[in-house]
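Every chain is named by a letter (A, B, C, D, E and F) in the order it is written, and numbering of its residues begins at 1.
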């Protein structure tokens, strides 16, 4: 613990995910004082047809 | 905010998702008085082998 | 199924929650063709100190 | 209710999922005294590139 | 991993939670072959006014 | 988007939460190239009696 869930639009590269989990783990251990091994991060790649803002799917936006 | 997560069996059409997010956003703004743009909806399409009720996967039901 | 999770700022009344779950269940059954009894809705009341947008907690906004 | 969400690395067989939901439903009804039909279980198969521990994606581990 | 989230009506005793997490961890390690230490379980106690089935909050049911 | 959910043991101060959401938003915008306003972070303070690792509630550990 802590445990993170990150939902983001699909299409991010492995390199971006790698950098992101490194950075989040680093700032978490600095600020909360936890061991890096206790930080779990789960990413969900969300399709544009499965995310809506303002009543409109992102797949319907131009 | 508010943020919705909807888990449903896979197989819904884009048209159904479109109508659903429109309707949910409409009733939310009417009842809670929030701006449509602040309503986020995330849909998860769940495989029948990943949902169980009563101890039985839906993929095992006839 | 489907199962909804709604996260919203704390402070909504029971009456608003009552109206919201009725309306969401109604539009869901109309659009997806499911039985009302199969619609589960879980609400999470989120404290302003536990929600941030743009890097700022809502409790820090004036 | 109760409703379970299980996140696990992808690669489990249907047979394992079948056994797992049966067993979880059984122990839940024994301990909480609920009817089996009221136990819902949703499984998420997580890709190794989407789970990090200690700041490192599991896909990067050897 | 795996990571469990259990949502249940508030009111369960610590003793029930204790038995439940022991039993779930045991069946998980037996069926999936993972180490007990890798099983994380998070429980959410849900108020009756925050759970609806069939369009009706459980706090409104008699 | 992206949307973060952070589950952590209860007891963190507002100051820690403030620093954490600032830092996470900063690294996210740097690595993913999104606008800060599109980053939403929701924190859940988890009681020790509601988190188990290795089949044991954290409230039962000494």
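In the analysis below, a residue touches a chain if its C-beta (ideal position, glycine included) is under 8 Å from a C-beta of that chain, and two chains touch if they have at least 3 such contacts.
Keep in mind that this is a model prediction, so the values were computed, not measured.
**Q** Between copies subunit A and subunit D, are the contact residues mostly the same numbers or mostly different, with half as the line?
**A** At the contact between subunit A and subunit D, which are copies of one sequence, the residues are largely different (under half shared).
**Q** Out of B-F and E-F, which chain pair has the most contact pairs?
**A** So, comparing the two chain pairs, more contacts are at E-F.
**Q** List the centre-to-centre spacing of subunit C and subunit E in whole Å, with centres computed as mean CA coordinates.
**A** Subunit C and subunit E have C-alpha centres separated by 20 Å.
**Q** Taking each chain's centre as the mean of its CA atoms, how far is subunit B from subunit C in angstrom?
**A** Distance between chain centres, rounded to whole Å: 12 Å.
**Q** Please output the residue numbers of subunit C that touch at least 2 other chains, ranges allowed.
**A** Only 1, 3, 7, 24, 40, 42, 46, 51 qualify.
**Q** Which chains touch which?
**A** Chain pairs that touch: A-B, A-D, A-E, A-F, B-C, B-D, B-F, C-D, C-E, C-F, D-E, E-F.
**Q** Could you please specify the touching residues of subunit E with respect to subunit D in the complex?
**A** The touching residues are 1-9, 12, 16, 19-20, 23-24, 27-28, 30-32, 46, 51.
**Q** Quick check: in the complex, which residue numbers of subunit D touch subunit C?
**A** Residue positions touching the partner: 1, 3, 40, 42.
**Q** Spell out the part of subunit E that touches subunit F in their complex, as residue ranges.
**A** For this pair, the touching residues of subunit E are 14, 17-18, 21-22, 24-26, 36-37, 39-45.
**Q** Which positions of subunit A touch subunit B when the two form their complex?
**A** It comes out as residues 7, 46, 49-57, 59-60.
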